[in-house]
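Below is one structure, written out as structure tokens; the observations come after it.
Naming follows writing order (A, B, C, D, E and F), and every chain is counted from residue 1.
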Amino acid sequence: MGSADDIMMEAGGMSTVKLWTDEDVAGAPKVSAVFDDIRATRNSDFVNNFWRALANQPELLQRTWASVKAVMIEPGLLDPLTKELIYIAVSTVNSCTYCTHSHTAAARAKGMTEQQHAELLAVISLAAHTNSLANALQISVDKEFLVD
Amino acid sequence: MGSADDIMMEAGGMSTVKLWTDEDVAGAPKVSAVFDDIRATRNSDFVNNFWRALANQPELLQRTWASVKAVMIEPGLLDPLTKELIYIAVSTVNSCTYCTHSHTAAARAKGMTEQQHAELLAVISLAAHTNSLANALQISVDKEFLVD
Amino acid sequence: MGSADDIMMEAGGMSTVKLWTDEDVAGAPKVSAVFDDIRATRNSDFVNNFWRALANQPELLQRTWASVKAVMIEPGLLDPLTKELIYIAVSTVNSCTYCTHSHTAAARAKGMTEQQHAELLAVISLAAHTNSLANALQISVDKEFLVD
Amino acid sequence: MGSADDIMMEAGGMSTVKLWTDEDVAGAPKVSAVFDDIRATRNSDFVNNFWRALANQPELLQRTWASVKAVMIEPGLLDPLTKELIYIAVSTVNSCTYCTHSHTAAARAKGMTEQQHAELLAVISLAAHTNSLANALQISVDKEFLVD
Amino acid sequence: MGSADDIMMEAGGMSTVKLWTDEDVAGAPKVSAVFDDIRATRNSDFVNNFWRALANQPELLQRTWASVKAVMIEPGLLDPLTKELIYIAVSTVNSCTYCTHSHTAAARAKGMTEQQHAELLAVISLAAHTNSLANALQISVDKEFLVD
Amino acid sequence: MGSADDIMMEAGGMSTVKLWTDEDVAGAPKVSAVFDDIRATRNSDFVNNFWRALANQPELLQRTWASVKAVMIEPGLLDPLTKELIYIAVSTVNSCTYCTHSHTAAARAKGMTEQQHAELLAVISLAAHTNSLANALQISVDKEFLVD
């Protein structure tokens, strides 16, 4: 598998923008501050390609990271794993290869078992099935479902 | 609000197929068996329009209801509310009006609070935001995310 | 049902553009020529709202009607009903309310039975189911499927 | 082309789950039973990656294969090639790389000519064109299209 | 048209959440602060339903409004009308009825002519057409298009 | 990067149809005429893979190129760069890898700066964010947004 993986890595050139190396980041204080916070928050030196691509847009990088921190990392009423499952569901329907990979990995890192993954897939695919039926049938909403 | 609601109900004629009344169902044993099982399983006399539209396709009705029972009702590793949250996420991205309404109602019936709904919306909209970025940037997948 | 239908008709004002009446069309030769050809080709006086909305964009109206004639009306290797079934499938996935309604009606006008509609729905919903699985699993393409 | 194909095969590691080899399958009776039925039904020893990925979820594997058999293989009112054309249409709009490849190959195996493929593409792209217009214009449905 | 419009207004009950009235807002300082800023920034007393629905989620309301201000209102390199055209394009493909209506109205308020709207529709529908072809054909990217 | 690029090129075999070489084109007058016009119009000898794939469908090739010329190349009220930005937006939401790459390259060729690209991404991702909220909340359209 090694050589295929290496090609994936080299394939960084296949993004529509340059992926910033740590050296590129070092010379850009705004970007550097976000990368430092990503590393500190995650307690890891690894910064994935999504942020290296967004580095070309410092304001968007800042805003996006701030949202990720607020929504996915700060404690809330939904537990972290549930949020990753929802993230995978959205990414799947949007046909986002990168996000599906990165959030499936994130869910596993947060404890998702293969069994839970299997149930997640069962729910996603059932919803895709009934969504297409309801859209094809243009079913009108029962008044019982409406809020007062 | 009453008159608007009534119109919604009358709007049954706006589906692309006939919505079956209980009288229609009574004359069709295959459909009737599914409706009976829906009512018994849910312990409620209410059968929503989705099933009344699918009644035109008895085999598809049977198969779809069997899947809903297996995935959403039989106990599994994901709790019932989590499954509804995932269902809402998929339905939202597929822009399915009927499913978004029916599963938001179902999630509330299973205990979803307005706060949890708010967090769900925060995750869905963050995922939509980063999905669009990853798709626009065509970011290549980090080898760290790949399974061995 | 009558009053709900009337509201649907009045709801013409809910388009993002004006729907052209026959009087509006009469004063615009480019638009008028297309409407005449629609009526002659279909052998019917009825011109549906899609064309009445596109009348605001004469060049787009012309080009779109020319494509519809070439693809959907001129004889080809796929029969007219098969083409309508494909059209419904695409419209369903794109969550296009108008197109789903208009092409389901068109398919019925070309002979689609309720049984065939049921099978169409079974195929669409199965494809939606397996599409979501393949996208969630990011399954790599078997070399057996690739063209030489 | 050989080397690129090999990389595609090696790229099995790029799925978000393990692809099961025949040896893995041999040790899992539930999975094994489905694989046996796939081979018997298709009268071929080849089992494509979709099923090798789903093998991680035996219940979902069973349910999905049962639906594929019922919808795509058992005789019905729509002929097998028409069903594949509809499948390609749905897969295209859902931007499903795997499904587009596998069902284009399946359609060719069932006799789709390049000319028929060309017409299919013409219908899909026309529908995508008019869907986007109807959605942008939010055209209201003509009462002539509604079912009684 | 009057009565249909009234029904649309009453249809506020058709959202999956309560739409906040000005009285509801008055009792919630966090929400009130955002509504005040919306009114001050837009120099108008009118606050549209999108914000009245988001009022149920004060943090999401704050973050969303902050992003709208930063991206759509603060001066940048793309002029305000161009940004609205892009917004309409995204909303159309996502089949978002509310967003298509609100941003078509916003574009008109910023000077979009019917002719410009017509050209926008021509570009959106052409892109939808070629997108579906490229996805159906799974065309591989020319190396000439890749960044170094 | 060289080897990854080469693999991309070899990956021409990964399309679902044959990509036509100049030699293939030379023997097909209908296709040849379109390729000649593409080269003359763009004043470049380079013909990208999209057209080499469409060459399998001469009528669709002709119609598609005629639309691209009319919409994207002939002067109109929207300037050429604005049209490319809209094209990227649509392609992103449709998750079209090929179109996102080719139109990002086209936008750069027409003068898009990295700063403008950054703003485009900010608008697209904000729209994706609010689209998902409006669809999840099923917000009803304010009567202020409706056309008379």
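Simple rule for what comes next: contacts are C-beta pairs under 8 Å (C-beta built on N, C-alpha and C of every residue); 3 or more make two chains touch, one makes a residue touch a chain.
These numbers come from a predicted model, not from an experiment.
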Contacts shared by subunit C with subunit E include exactly A, B, D, F
For subunit B and subunit D, the touch-path distance in steps comes out at 1
Listing by label each chain that touches subunit C and subunit D gives A, B, E, F
The chain whose C-alpha centroid lies farthest from that of subunit C is chain A
Interface copy of C-E among B-D, D-F or C-D, with over half of contact pairs matching by residue number, is D-F
Taking each chain's centre as the mean of its CA atoms, the one lying farthest from the centre of subunit D is chain E
Rounded to the nearest Å, the gap between Cα centres of subunit E and subunit F is 23
Separation of the C-alpha centres, subunit A versus subunit C, in whole Å, is 34
Going by residue number, subunit B touches two or more other chains at 1, 5, 7-8, 11, 13-17, 59-60, 64, 67, 70, 90, 92-97, 100-101, 104, 120-122, 124-133, 135-138, 141, 146, 148
Subunit C residues touching subunit D in their complex are 1, 5, 8-9, 11-12, 14-17, 19, 46, 48-50, 53-54, 60, 64, 67-68, 70-72, 76-78, 82-83, 85-87, 89-99, 101-105, 113, 115-116, 119-120, 122-124, 126-146, 148
Interface with subunit C, subunit F side, in the complex: residues 13-18, 59, 63, 67, 70, 141, 146-148
The residues of subunit A that touch subunit D in their complex are 1, 3-5, 7-8, 95, 100-101, 104, 114, 117-118, 121-122, 125, 132
In the complex, subunit A touches subunit F at residues 7, 10-11, 13-14, 16-17, 56-57, 59-60, 64, 90, 94-96
In the complex, the residues of subunit D that touch subunit E are 88, 92-93, 95, 97, 100-101, 104, 120-121, 124-133, 135-138
